[in-house]
Each structure stands twice: as C-alpha cells, then as structure tokens.
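Below is one structure, written out as structure tokens; the observations come after it.
A, B, C and D are the chain letters, set down in written order, and residue numbers restart from 1 in every chain.
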C-alpha cells in the first residue's frame, strides 16, 4: 500500500504540474545522470540502494520529453546489450565444443544486461506499471527504427511474457461497487462501443443482466489489463443496438440462458502482443456457468473489422466473379445513407450475408489464417463461427468497418480444445451450417482457400 | 480464489489418501504419459488446453515417488534443453557475423524450451507454489548429479529471480488476527528459535510489544516466503532468554525505543538462493519507524552459527597463537556443563568475547567475506557489527553452534547504503568500537585478513 | 451480502418497472392484507416466518401510493398503540401501590406493540434502510396530523436513537477508491456546496489535499448517514471560492497545518433529529491529527443561513437602532448586484461584519440559544466562533441566505468539553476577540440577549 | 478499527497485570466516583465528553471486585429507575384521562434512565461487548436478589433484544482461514462436544466435508455470538463417534447429500434469553443449499439432555406402568459399564428406544411443551423429530445425560413454517413414523399428554 503510493505520489505530482518542484527527490535529471544511475543499478549487488535508484530512474523517464526519451531508448539499445566480445568468444567456444559448460557460458553471455536492468527497475514501488508505460513509448519508435530498438522491445516482451503469465493474473468482477478509480479507466479504455459518461457506464454495469470482468496484475491493482462486457439474455441478440438499449426490460439473471460477450478491450498499448484475451473469455464463461447454471450458450457479438476493406479490394480483382446478389449488395453499401433506408437494407441483405460468409470463410492470409483479425482471435480460441447478422451495428464505425455486419462466435466449452487443435494444426475454421449455407454455391464444394 | 482451490483440492485429496482415487482427473499417469504432456504443453499455441495440461503434469509430479521423480528430472534435463544443432549453427553464424539478426537468432536458440515449459506449468491454479516444490525436490538431486541437472536448476532460478522480484512481493503483518492456515506455517517454518505449539506462537504474536512481518507472493497468498520476528524493547536485550521471557512486563509499544529483529526464517527450500531477506529487514524497519516514531534503534539479535566449528579448527592450526585468556576460554567451552556453572562462565567471558571478535572480524573466506554466514548476510545489507554478547543463547543449539555468543547487528537506516557499498566494493566490515576493542591488541593494528 | 440483495433486488425490480410483476412474491397486496401481515408479525413466536413476512410488508409499503401510505400510517397509529384497557388498569394499580411488580406491569403495558413491529420488520434483509425510508414518508404527514402520528414517530425515533447509537456507527474515508455506488450518493446528498457531476466529485475527493469522511451503519453498508468534506490548507481560507478552486496548487498533505471542514451533509431525512454530526467532526479531527501530526488547526468554513432573514426582520423593529455603518450595509445588501461591485462590497464591509457579529452573538431564541442553526450546532459541539468573513460565499445561495458571510468555528480539541459545558449550562457563546471586537461598542458591555 | 482498540487496550492491559498502572486514565475509581460519572453521563447533553466518560465507567467496572460490583448493581437498581413521584402522577393522570398527551407523558416517565445510561455506555469503543459482560456478572446476582435486580436485567434484555436483532447480525463462515483470535474463542466456547486443542479444532474446520458458521454482531467483530458445526455426509450418521472420526474418508463436498448440524453453542452468558439459534440454523441450511445443490437433507445430531433425569423420575411414579422391554432397559442403564458390553447394549435397545420416544413425545411441561430443552428448541424452530438412535453418544456425558441416545431433528425447509405454527398454536409435535412407531402400543391411540 504505502509502497505503491510513493512513486505514484511522485509521478502524479509531476503530472499535475508544470512548474518548479520543491521536492529535491524529483529534480529533473539529465540523460547522462540517468544513464549513470542505470549502470549503477545493474552493477550494485546487495542493493540497499536498489529501490531508491530504480525510483529515480523511473521518475526521470516520466519527466523526459520526446527527444530525451529518444536518447534514453538509444542508451538502452546501445549500452545494455550483450557484451559483444565475450559473447563472440562464448559462441565460438560452444560451436567448437558443445558441453554443459560452454552452453551455460554462452547463455549467460547472450542475455542482455538490459533484462536485469528492467527487473531491477521493477524494485521501485509502482515499477511494473511504469515499465508497461515505457514500452508504450517505445512502440512508436520501434516502427521508425526497428534495427536498433527491436532488441530492446524483445527484452521487454520476454519479461512481460513471464510477468503477465496468466498464472499471475487475477480475474475480478467490475460492477457498480467497484472503486471509481478503476471505473474511470473502464470508461477510458473501452475500445469497441464507446462509453460516453458515468451514466452510460452505470448502464453497462449496474443492471442485473449485465456483467463485466477484468484481468488485473497484482502489482497494478487499480488498473485493469483487459476486460470483457457481457449481456445476459434470453436469446442471442440480433444487433448491438438491442444489447445496449437502456429501455429494455431488465430480467433476473437467474432466468437467462445466454451470455453475450459484446465488447473486449485491451487496456495498455505497452502490453501489445502479450495475450490474455483467450484466457479471459474462457475463464469468464466457466465462472458464469458455475454461478448461473441456467446459462447454456456463450457467444460473442463481434465486429468484422476487415470486411469493408476486403469489399473494396474485391472491385479491383477479376476473380472470383460476384453473383448477382453480391454485386447488388456491393453497389448498395457503396451508397451513402443506405443503412437508413429500409428498402435498400433489405435489398442488400442476401448478397451482403453471402459476402460476409465468403470473407470470413475464404479470405485468408498467406499463413492460411482468416484475413479478419477478430475471426483469427476467436477461432484461435476454439470458438465456432455461428451466425452472421445483417445491419447489426448501424453505428458510423460499424458501417465504415463492417458494413453493419456482426458475428456471433460460439464458445462451446466442451469443444473448445477440439476446434482449437483443428484450427492450430490445419487452419480448419469451425463454422455452423447456417453460416456455410450463406456461401453462394460456387464455394460449397471447394473448401480451399481463395486468393485473398 | 476458485482457481487456487482446484489444484489445491486435487493435491490435498491426493496427499490425504493412499488408496483409490475415483476422480478420473487424478489417475496416476505414467512417466511416459507425463513426458508426452510436457511436450504438448510446450508446443500448443492458442492454449485452450494449457491450464488443463499444466494441472495434469503438476498433479502427476506430486504423485511421483522418488524413482519416478528421478526420471522426470532426467527428462527435463535431456529433452528440454536448447536444440543442439540449431544452437550450434546460430553460434557459428553469430561468431562469423555478429549482427542484430544473428544475435537474436542466437538468443532464441540458446533459450531452453524448459523455460517456456515452466512458464506454462504456471498456468495451473496453484502452479507457482508447485514449481517451488519442484525445485525443492530437485536440489538434493542436484548435489548428486550436477552435470546433468545444473541447467535445469539454472532455468528455475532464472525464472524465480524474475517472478519473486521484490517488486512483486507483498509485506504483511503476521499477528494473532492472521488466519490459522498461515499461522500453522509460521510454527512449521520458524528456523531459529523453535515454536513448540500454538500457545508459544501466541506469545510471539499477540503481546503489544511483539511484531512479525512476512513477505508473500500474490500467487501464494497463504504461504509466507520469509518472515522476521521483532521485539519492541526499551533497550537492546542482553540475551534471547530475556526476549522470549513469557513473564516479562509487557509495555505499550508507543513508548519503546528499540526494535530487535530476533529471528529471520526462510520458508521454502525451493527458493534457496533467491534473496529477499535484505529487503525485508529494511522495509520492516522503515514501516515500524513510520508507525512508532519513538523507535530509534533497529538491531538484530543474531546467532554466530560458524563460531564453534571455527574454534575447533583453531586447535589444528599453529597460527595465530592464542593469548592466555583465549586459550582458557577455548578450554572451558570444550568442557561439558560449563554454561551452567557461573564460575566457568565468568572465567570464559574475556577470552570468548575476544575470540568472537576475532572470528567475526578476521576469519574470512577466500573471497574476502567473513566466514560467518549470518555476518555476511547482515554486513551485506549494510548493517554494522555492534555488540557481541557472552552466553546470550544458552540453548543446546546456541551452545553447540555459537558457544552461547549472540551478536547485535545494527541497522542504522541512513548509513545502510554507505556501509553496504564499502562492504561490496572493499569487503570493509563496519564494526563498533566496542567490538573492535574486544580484539586482543595483536590485531588492532592490522586490519588485514588473517588466514582463515 | 446475499441477505441484503434479496430485498434490494425485489425493491429495485419494483422501482424499475411500472407494469406487471411476474414474481408472485411481489404481487401488490391490499392494505387489509398488509395490515393482517403486520398483526401476524407481531404475534408470531418462534418466527421461522418472520423474515418472509417482514419482507412482504416492506415490499408492500414500497409499492403504496400516497393514499395507501396514509392508510398504512393510520393503521400504525390506531392499531399498534398500547392496549388502552390494560394500560389503564396498570396505571391505576401502580398509582395505588407502586411496587416492582406494578411498575413492571405498567412498563410492559405502556410499550406500544408498534415498537416490536418495527423491530421485527428489521428482520427483512435491508429492513433498516426501509424503516428509515418509512420515517421519511411519515414526516410530512406528521406535520399535517400530529395528534394522530406523533406517537408513531416517537416510536421510530426511540428505535433509531438506539440503533444508530454512535457506538454502532463506522467511520469510513470516502475517496476516489470508494465504490461508485457510494459515490453517486455523495453527489446526490451534498447539501451545502452542490456537486454537479463526477468530474466535480473527483475534484472534491482525489487531490492529495482533500479528505472526506462518512458515518455508516453496518446494516446499510452502501449508503452514508452523514459526511463531511475537508480541505487541508496552509492557513484558514478566506472564502469558499478559494477552497473549491480547481486550479489551486495541490500541496502534499504532510505539510499542511489546517483542516477546514467546509461541508457537512446529513443524508437521510428519515433520520432527522438523530444526531451524529458532533461525533463525526470530533472523530475526524482526532483521526486526521493522528494521521497528519502537522495539523494544528481544525476549523469549519460555515454558512450563516439565518442571517438574511434576521436582517430583514431588523427593518421592522425599532430596537436596537443601527449605527451608520450597519444601516449603510443593510441598504447595500438590499440592492441587486452589489456583490459584483467592488466599491459597494467594500462600503458594506464594516457594517456587515458588525451585523454578522451582532446576529451570531446577540440574536437568540426564546431558549437562550443563538438564532442561527449552524451556530447552535457548532457551539453545542464545543466549538468557538472564531472569525466572520465578508463576501466569502458569493454564490447565489450564499448571498440569498448569508449576505455572503461565512464563519469559521474553531474546534480546539482540548477545550471542546469546557466550551460545551459552558454552552449547555449557561448558553455561554465562546467567541474569539476578533469576533467580539466586531460588535459595535454598544453591545460590548452588555452580554445579555437582545430581543430577537 | 482504532476505536475498538482503545478500550480493548486499556482492558487487556488491566487484565494482564495486577500491579500499578502508570496510565492515569486507568487509575481505579471509587464506587462513588463511578456513580458520579454515571449520573454525569445520563445528564450531559451535547456530549463531547460522552465517549470519555463511558470509557471510564466501563474500565472502572472491569476493575471492580465482586463486592464493588454488588455495589454497582445496587446503584443501577436504586438510582436509575423511573422517577417514582413523576411516574405516579403520570399514571394517575393517564388513568383519569387517557389522551395522547397523558399517554406520552406516562411512557416517558415509565422509561428508566438506566436505559439511556446503557445506551450511552455504548459510546465507548468496545462498549457493546462490555455491556454483555456486565449482564454476565449481573445474572448470578439476579438469582440471589431478583426483587431488586430484575428491573436492571429487564432493561438490559430490552436493549439487547433491540441491538442483537437478527437484522443486525452477520453470518460468517468459520474455517481454517479464520483469524486465530476468533478460533481460540471457538475452542473456548464449544459447549457440546469439547475441542481439546488446535489439532482437534483443525479436524473440525479444515476438512472439505466440514463447515462451521457463526453469527457476529458488527460491533463485536472478533467474538462470535453463536456457532454451529456441520458435517457433510452421504447419509445421516448413526452416532457422533462416526461424525468426529478423524480417520474417515474425506469425500468432496459437492457429492454430499446430507448436512448434519452436530453442535450448536451459544457463546455469551450475558446474552442468555436473546435467541438467535433458530435464525442461525435456517440461514445456514439455506446458504448451504444454495452453495451445494446436491444437499437434500438438513438434520441435527442432538443430545437428549433431560432423558436420564426423567428416567430416574420414572422409578418414583406408579403411572404409567412400564412394559417388559422398558423395564429391562431401565434396569440395564442403571448398571455401570453397560455401554461397553455389547450384549447388554443390544438387550437394552428396544426398551430404551421406546422410552426415548415416550420421553420426547409424551413427557411435557405444564405449558404443554416437551420436557426436553433441546426438543423444545428444534420443534419450536419447525423441525421434525425424525429418528432416535441407540448408543449414539457413548461419551461419559452422553451416557450420564442421555443414556447414550441421540436424536435427529429434520429441518425440512419448505415445511418449517407449517410445523412451527402447529407447534406454537397447539403444541403439536411433528414426528416421523419411525419415531411414533417406537412408542409402545399403549400410547399410539392416545396422543394426549401424560403426567410428566
């Protein structure tokens, strides 16, 4: 408790001011001073000073402007890599005579001191969260200068894979009794269906037919890593509008049969590539099932974010030909205002559903996985592509990305492993008959990948 | 909560029975089956099955007898090391052309899949604690077959250094309001001054002038990693008997000036070499200071566990000559029953204290550090050797190991860093004048190491 | 937990709907049915059915419209009073021969069965909160029909005095980590300086120089009874504007010397007359002092809500004559827009302060206590009238009620008892010299009450 | 938290010492001083001093020896009763003209100031628990001097009925994770089947087929009011030995069908006559049912504490004649060592069971309730007398009180109300056919009460 507050206090006092800091602990250090502290931190041994130095470095990093941060990352890249000479010798020795000794020496020489630096920075109270923010500042730089910074990122990712291991994460329910300090982050982090204010947040959390769960790391207790919002319903809803309707009749949770995962948000860019989503959904489904034995169906209500860009790419390609319904749909969704015109909505329906099925089942990446990122995520978890719904997300974003389509991925708990393995091994996409039936007949005999 | 209980339930049901297990999940697997599961676990990708497989492996390991465990560790050593061919090529490539790419390839090839195996075993609820127990079973084997098992241990140590980073540990007070499930472990783990039963435990925890603090890991919430017992007193006590006296007058903590750290116990052999002790004492001292501003002195009451064996080694060596008092003391403590005879106790006092000072200040290991392990620990933390006390631990163990001597190491918070650095850099031992004055004059001019 | 939710669920489901309730437990009962249940509840003995019946009655009461509630309160008044015949006989018996037996019989006969009814209604989960709401609905009726309903209210007050005894209340800090379900009530209940939305709430709770504390009853864990907002400052602020300024420099709490209690709000009309405010301020002051030893001054920043109406009454009375400054001030504050005109503000200052002092020190009720309710509250707690500040609350309400004046009442902890006793026994008002000096000289010699 | 500790600290420091108390707050007061404080406490109004005075009185009471306590209770009886003169006038006024005003005046005059004194004593931190202890010291005196002290006890009972209302009690599970400070009280309070030490306690709490629940009052958080121990079994056990067998096979709770309430203990003599037991069992049964839906049967395993004394009274009475089996059993259980002799055990079985049934079904008190207190408790709760078991408690106490018999009372949740009402209204005892069949035929036609 008190440990967390130290750094937090320092950092928030920095964050909240622009002027002079009377606290001498937080005088801004130069990059050279910070570099010196980093070297001290890695070299010290008994470490009575470790906590203090780590705190100073992280406070200094927080205060750096973008130029200084460039310098700091360059420092991490250039001065904390493996010792080149020693590593080369160790590589030669091992290549010459691979024994337990030469192996061990090679492994030690190959581990960058940067990893130990990061581990020791974690001594500072609140250090884990700061290291996540450090990677958040690294990532845009990584795109600009991958050759230099890739190794730094690799060390951070390696550490985070170990630290944010699912075995260490804590699943917590988020509801209207959750501290406001956490809830304000839910508002901020919601990435799928925006939460405009506290009243809307209350609508998502307080009614008896709503659930929200998040993974937390024990060292970052007031800041979720990922969260999922769930609606408990009597049947699978046909649109997100229906789910978010504030005027719906709220019925007792005990009578509900279906849990709809309608929004999943990762909270920290600094944890990009560290995956917890699959664990979250599975765990939440199991916990809900234990709590509400009446629940029989666990299903997502998901966007199809790559659909529109794929549709647009279709025009450019001769193959495969569109049938009449598809061509018509393609034309309609290119018109403005179609979604508000019932006649055009209905006219587009058959073709758009067929195109949706084709996109999700047939459009593949070179590695054989579906082109759609949301599909990859859920199919990789072992879910089944269960239903495609026309005009299920009429929001501006929903039309722009998904042409209004939404998808139910079904989490059939007893079959998750089987589906997952078929997908992992053979890229086999589990899909319901209702979905495969949407494919125009040309595709039904030919389960192979089309050129995407 | 529910996650922890799953594995715990399985394991405790195994632990509590010897016969038939009706639960099919816990049928005993063969070593070959377990090996297969380990390979599956490392290779699986999306991992809906990761939690289940990890649980099965850990349950299986728990059930293994010693022969089977031999086989399991051999498996870890032989089948989960780095891929020899690929690593050799990567080493050659790097040695030939050290670039970012060849470095990254080398690092990947050098990391044993065993590390990923251990990380994934941690997916199981309660997995962290099981991995600590796994290392506990490994350590005796490591002595017998270091060539084969050293690499396995190194991977576990590497992981534990990262996972049990002080930044992740939680300091908690242990008192009479602590759950019994934790307290029974305090009884079991107390390594310095045995706690015979719950009444004795109550004596250590409940009185207002007692404190006890432990580090916990968030994933092992009911099992401390290390704990320290503290007595709050008006002055530094002259013996452990005085500290543990159940009939003392218990005075209000607010009036006390001195915190005596009289027992520090590591709880898990499986965490040997992963050090938290220095952080614990420093943190506890700071927290006590904040809570009870009247506290001025933070001091240990420590054994001198290597003293007797050093005394015995003296007889065998000609140099340096003992003076008369020392020779007399050496003779007395070799007699049985001396400690119960006031006359002999007093006769031994000057020589024994001189020998104690000499042992602690002059007897060194080849690396220049003191021969006494407790001295190394506290001096390494930046403490100062403050006082040596004659017949301060008259227990059987105290006489057998320390000839009754006990030592106060003083934790002078503002000076810890300075002492630590002098010790780390130059092996300089911080000692009070009272202690150095005990040395017979021959040594006072010569601060150098004597042959130990 | 689960007990609370039962009634809450029922009640909130009622609250959220207007139509048909499928749950048979919550079919609306007639008044006659509810009356029958009340009689059953009082008469039952072993009470396996008590919880159920109590819940039904409270649910029924919640659903009553105003006419039905009239009937229900009439029922409580008429059918649950003491048994007239038996009581009369007991009174006669006691009057004739006062013994322990006749006394006990009289006491039993005098206690209305209504008290037992209320105690048993409390068996329902959430019953305590419902009984508070019941009194909230009673109070407006009490004014209309005191003869009939006074006894009902007396029984509720008697019960609440016992149940909401300070010994049962729990003091909790309210901050930005408090559950949103509690915080939304803080927004709703703030009675002194309105909190417009969640951002303003955050401004009151999150900064390091703010504190908020509330009393809770253990049976109503998510709903505060009373709360106080505190600003930690370097000196006593001169206006509420300064305190609420969102752009102030937030300084560390540890360096602050003054705790300013700038808002105290009672949360439940149903608890009118059950006083906890004096305990709250004293307890909060003591806790803050223990936590932040730098705090030396505990002071309120309070409105003077009766000042304007007293000013207006002055015009109507010949005695005592206003002096020139007072008359001028009286004229100015009757003008619109004066508070925005620096010249008039300054012109009014001396007279208005003199009038303020006169109002607070001289204007009394028939019972000898000050006319101002806020003054009565703080003086009754043992506080001292420390300072009167001109134009310290320029809000519309501040001008309308207090002509912009605000007052510091000083809570000088060691002297609270002494001041309280002088006030309780002799209506002596503790006031600083600065305040008494404001009185125009006519009053200084004459400490007696003026005609109010 | 901190409030509780103040008085607790004072009191425990008193409890742990006999000599001089340096703390001036705890100088022993004379009875006259304490009496003065009591009068002050009742008369004070704004009460900044209430907490302090209440604490002083309670500390003083704790320190009183038995003679002083006699004096204190006399004081409570004599000086804090209703004002005789005023009450007499009020009684006469009401008897003459019973109006709302005379009624209210009468009620006020009839309420002893003692009640307000007790309520204000509760202002002291920890006051509630001290008042319970106060009544504990009162009760033995009450027997000796009922005329004087009955009124004091009545006031305390009246208050406790209100304060310990089931609506305020908190049900908590007691298990091996419960704080030791609570568990030591479970050991101390267990009244039915003694718990010898912490290992035996662990046997009662830790295994997966055991449960224990207690009611707590929020103001006495570390001290249970009443607790019940439960065994989860596959069928109703035939003896307490079987239930307490430490070597039984512990099976998973989820598979169990039966919850056996085998021990219920009230914890505080000071709460005698304030009943929570019926609520406890019913609530625990409902909670267990919700948690473990496999549970179908909720049954006690209860002693028959009045059986032996009733057996002995039989010899003295001619009517009704014993039949041969009964006479034989009566003779056998009068012999020493019969319970260890299988032949005699079997020989006694039919007669003893018949006598048991006769005792439980036919032996009545003048008010028509069963003579057996445990039967009265469970039948009053609406339970059904389900089975009588021969030699089910072979402990010394079991033989001495119950001749080894034990009884299952069945808590059939849907029928509790119906049974309760039949019992409350008509003293009708719900019994299974198995039990009524044990009655010798003479009784079966004649359901009426026999002379007991």
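Simple rule for what comes next: a residue touches a chain if its C-beta (ideal position, glycine included) is under 8 Å from a C-beta of that chain, and two chains touch if they have at least 3 such contacts.
It should be emphasised that the depicted structure is a prediction, and the values quoted were computed from it without experimental measurement.
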**Report entry** Lowest number of touching-chain links that must be crossed from chain B to chain C
**Finding:** 2
Query raised in the report: So which chain is the furthest away from chain B, centre to centre on CA atoms?
Result: C
Report summary line: Between the Cα centroids of chain A and chain B the separation in whole angstrom comes to 39
Query raised in the report: If you average the CA atoms of chain A and of chain D, how many Å lie between those two points?
Result: 57
Requested in this report: Please work out the Cα centroid separation of chain B and chain D, and write it as a whole number of Å.
Outcome: 49
Report summary line: Residues in chain A with touches to at least two other chains are numbered none
Requested in this report: Please list, in label order, each pair of chains that touches.
Outcome: A-B, A-C, B-D, C-D
Query - Complex contacts: residues of chain C adjacent to chain A - result: 9, 12-13, 16-17, 176-181, 183-184, 197-198, 202, 206, 208, 222, 249-250, 252
Report task. Report the residues of chain D in contact with chain C in the complex, numbered from low to high. Result -> 2-3, 44-52, 81-82, 84, 87-88, 91-92, 94-95, 98, 100, 103-104, 106-107, 110-111, 119, 122-125, 127-128, 147, 150-151, 154, 159, 161-163, 165-168, 170-171, 218-219, 278-279, 282, 287, 290, 380-382, 416-417, 420-421, 423-424
